[in-house]
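When the chains are written out, they are named A, B and C in that same order, and each has its own residue count from 1.
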C-alpha cells in the first residue's frame, strides 16, 4: 500500500519522520536493551552508585565471577528460587483471565451495542465509574470476606477478581467494536428464524475475531502485569510472576536479590515478544474494525 | 433487542462487576461515613527482652463492649471527608483568615496534604494525557510512512514501554536517572552542571514523572491510532489531493476528523488512569516531591495502623474527581450514543 | 537466597563457634496433632524458623512468608477459625494485632508447655504474655576504618562528632558526601526522626494519653540535626531507601552511616564492593546526640504470636511447634549468622556487634503503642518539607501533629 498516491511524501518530510522514528526507537528500546545487557552482570555493576560505566565494563562481574558476563541472575531466579512455578501460575492466570474476560465481554458488549434503550448507555457509564475505583481500595475490601469464606489464596479467586476489574474496559472496547458490525447482518438472520443467540453464534462470532483479539491483548497485559490484586490475594505457593519479582527486591531491614528480578523480567518479556509478533496483524486489524467509531 | 434477551447477554459480565466492584464500592461508601470506635486506652506495664516500660494499650474489654453496641463503628457523616487530611474545610477557613494575600493563601493551601496531592495529580493528568496522545499520534504517522517490511518490528519495539513490568521497569529507570546513572550523567553533561540531580529537586522530579508517564502510555495511543490510520478513507484523501489540499490540510481536514472518535475513547481511559497515578511515585521514591490521591490510599492502607475509613473517603473523592474530569467527554458520548442507536 | 548464604558463611567464619550439627528428624515437639499455619515476613531467619517448626512430628504445618505479611495477617486472623494460627510480628506490628484483639494471651500455654522458655524472651503486656521474641535488630553506626584513619579521627560516639568527622573527610578531599542514611521520604525518614528524637530525650506523647507532643525543643533540635547531616549526604537523599544507601556504601561513596544491623553482613562480605571498601567496613555502637545518654536509635524484636480464634488443640500445636523452632535446637552453623538471635547459645559474630552494643547501651525499644504507627506515617509524610527548605521546623512539626491528630481522631484514639 506504500504505492498509494496519498502516501507519497516530500523527501524532507520523510526524513523528518524517519528521524523522529529513530529517536523514538532509541527512547522506547534503550531501557530494555540496557536491562538485557545488565542482566548478565552482577548487582554491584548494574546497580552501581560509583559510575554508570561499570554497568558496561563490569569490573565487579570480572572479579566475582571470573568472566565478563554471568548467568547467575537467571540461574538464581529460575532454578534456585523456582521462578518457573510463578511463570506457570501466571500462565494459568492470564489464559483464564483473557478467556473469561472475552467471553463475558463479547456477550455483554454485543448486547450493549444492539440495545436501543437508554439503560444501555447508563450501564456503560456506570461501568466507567466502576473503573475509576482505585484497585488498592477494592483489594483491601476483599481481604476479610475472602479469608472468612476460605477463598483467599487460590488462583480461581484472583482470576475472577481480575476478570471483574477488567470488565469495564473490555465492555467499552467490545461495544464500540460490535457497533461497527452492521446490524443488518444479525437482524436478517433473525428474520430467517434464528433466535438472538443463534444469530450471535452463527453470524457475529465468525466476524468478531479481530476486535476480540485486540481487546484480548489488553486483558492479557493487564493480567500479566498486575501487582495490586495478585500480591494481596495469592498465597506464596500460588504466587504469579510480578509478586514473586517484588519479593526479590528486599525490604527495609533486609537486602533482596535485585538481579534475580532483573533476570526474571528479561526472561519473561521474551514470550511477549513472540506473542506481539504473532498477533501483530490482528491487533491492528481488530482496532481498525472496532474502536475507530468510538 | 428485547429486555429479556439483553439481560441474559449482560448477566455474566454484570454479575462479576456487581459482586467484585459494585458491592465493594458500596462497602467503601459505608466505611467512609463510619469511623472506628472510640478506643479505650489505659496505661499498662510492658516487658520485653529490653526491659519493662510503662506504656498504653487499648482496653479490649471496654472496647469490645463498644464494638458490640455499634458493629459498623461510629457514624461520623462527612466528618472524615472534611477533616484535615482530606478536604480540610475548617483549616481552609483558618488559613484564609491568617494569610496575607492570595499567593500566601495558595501556598498555605498546597501545604494541606489533600490539596498538595491534588495539585500534582491534576498537573500530571493535564500534561500526560494530551502529550501521550499527541506523541502516540506522531509515532503512528511515522510508522505508517515506513515501508511495510519495517512496520512489524517497529510496532513491537514501540510496545516495549507498555510491556515491561512497571515494577522493575521503573526501578531500572530510577537507577538510570540517578546522578551517577547513565541518564543522570548525560543530563549533567547536557546542562553543563556537574551537581545537577533530577531526584533532588521538586520541579525536575515532576518533569521526570511526567516524562515517564508519557513514555509509558504513548504506546497505547500509538497502537490505537496506527489502527485508525489504516481505515482513513483513501478516496477522500485522493480527492482532497486533486483539489490541491496541502499535506497539512489533508491531516487537518480528513485524517484528524476520522480519528476523533478514537481520541475520545483514549482521552476517557487516559484521564482516568492518569488521575490515579501511583506506581511511578512509589518506584521513584518520589513522595518527598510529589504525592497523589492514590498514593494517600496506599499509605493509609500500608501503615502499621490501617486507616480504612480515610482510605475509603479518599477513594470516593477519587471517583468523584474522575467523574468531574470525564463529564465533558461523557456528555459527548451521550450525544453520539443518542445518534448511534436512534 | 545467595545473599544470606554469603552473609552467614562470613559470620560462621568469624564467629568460629563449634556447634553440634542438629540432625533434622521428625522431632517430637510435645503435642501430637493439630494445625499450624504461620504468616510472616520472608527473610532467611524467619524461613529457618518456619522450616524448623515444620519438622514437628504429627502436626500439619503450612507457612505463608511474604513481604506483604502485615497487610494479610490481620484479616487472616479475624476469621473464625482463623486462617493463620500464628503471625510472626515485630515491635511495631504486634500493636495492630493486639488492637483488633486477634492474638491470645499465652500464659496458660507457657505454664503447660513452655516452662523452659527463658523469661526474657516473653513479651509481657499488662501482666499477660502476648508474644515470644526470638531475634533482635537495630540501627547503629557503620564506618570506614581507613577513611577515619586518613583524617586521624576515632570512630564517632555522637552525632556531633560524626558531623566533625564528615567535615574533616570532605575538607581532606576524600569524599564529597561522606555521610549516608536511609532518608527516603515515608517510613525510612520517619524512622530516622524517631531515632533522633529519642536521642534528644523527647517523648512522643503526653504521658498515658494518645495526645501527640513533638512540636517542642527536642523535636526542633532533632530536625535541625537531621538537616545538618543531610548537608553531607548525596543530594538525592530523600529518595534513598536502605537499598540505595547500601549501594552508596558499596560504591565507596560514603564513610559514615546509621544502618540496620541486619544489613551489615552484606556490606562486609566480598561481593558488591571493592576490597578497600569491604575490608574496611566496621560496625560500631549507635550514636548519642545533643549531650544525651540514650542512643539515638531504637531496638526491634521479632517474635511469634498465637491466634485467638482457633481451637485449643491448634493453639497448643502452634505453641509447641514455634517454641521448638525458636529453641537452641534451631541454632547451627547455617542459622547462626542469619540474625541476632535472642536464644540461649547464640554466639554473636563481629558483624552483629552493633546490635549487641545497642542493647548493652540501653537503647529504647521502638514505642509499642497502638497509635505510634499513625504518628510514624504523619512524620514520613511531612518531614521532607523541612529538609527541602519549604518550611521551618516548627511549621513542619505543627503539620505532623495536625496530620496525626486527624488520623487519631478517625481511629477513635482522640475524641
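Throughout what follows, a residue touches a chain if its C-beta (ideal position, glycine included) is under 8 Å from a C-beta of that chain, and two chains touch if they have at least 3 such contacts.
Note that the structure is predicted; figures quoted are calculated from it, not measured.
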Closest chain to the centre of mass proxy, which here is the mean CA position: B
Chain at maximum distance from subunit C, centres defined as averaged CA atoms: A
Subunit A and subunit B: spacing of chain centres that average the CA atoms, whole Å: 18
Whole-Å gap separating subunit A and subunit C, where each centre is the average of the chain's CA atoms: 37
Computed distance of Cα centres, subunit C from subunit B, in Å: 33
For subunit B, residues contacting two or more additional chains: 178, 180, 301, 306
Residues of subunit C engaged with two or more neighbouring chains: 71, 241, 244, 251
Multi-partner residues of subunit A (at least 2 other chains): 47-50, 140, 246, 249, 258
Subunit A - residues contacting subunit B, complex: 1-2, 4-7, 9-10, 13-14, 17-18, 20-21, 24-25, 27-29, 31-32, 34-35, 38, 46-52, 55, 103-105, 107-108, 110-112, 114-117, 120-121, 123-125, 127-134, 136-138, 140-142, 160-161, 163-165, 167-169, 171-172, 176, 179, 196-197, 200, 214, 221, 225, 227, 241-242, 245-246, 249, 258, 261-262, 265, 268-269, 272-273, 276-277, 280, 283-288, 291-294
For the subunit B and subunit C complex, residues of the former touching the latter: 35-39, 41, 43-58, 60, 63-64, 74, 76, 80, 83-85, 91, 111, 113, 174, 178-180, 195, 197, 199-200, 202, 284-289, 291, 299-307, 309-310
Partner subunit A, residues of subunit C touching it in the complex: 1-3, 41-44, 63-68, 71-72, 75-76, 78-79, 83, 137, 182, 187-188, 191, 241-244, 246-248, 250-253, 260, 262-263, 266, 270-274, 300
Subunit B residues within the subunit A interface of the complex: 1-3, 5-6, 8-10, 12-14, 16-17, 19-22, 24-25, 27-28, 138-139, 141-143, 145-148, 152, 154-169, 171-173, 175-176, 178, 180-182, 184-185, 215, 219, 223-224, 226-228, 230-231, 234, 237-238, 241, 247, 250, 258-262, 264-265, 268-269, 272, 275-276, 278, 293-294, 297-298, 301, 306, 308, 311-312, 315, 318-319, 322-323, 326, 330, 333-334, 336-337, 340-342
Contact set on subunit C toward subunit B in their complex: 70-71, 74, 91-93, 95-96, 98-99, 101, 120-127, 133, 136, 184-186, 189, 205, 208-210, 234-241, 244, 251, 299, 301, 342, 359, 362-365, 367-374, 376-377, 380-381, 384-385, 387-388, 391, 399, 402-403, 405-407, 409-413, 415
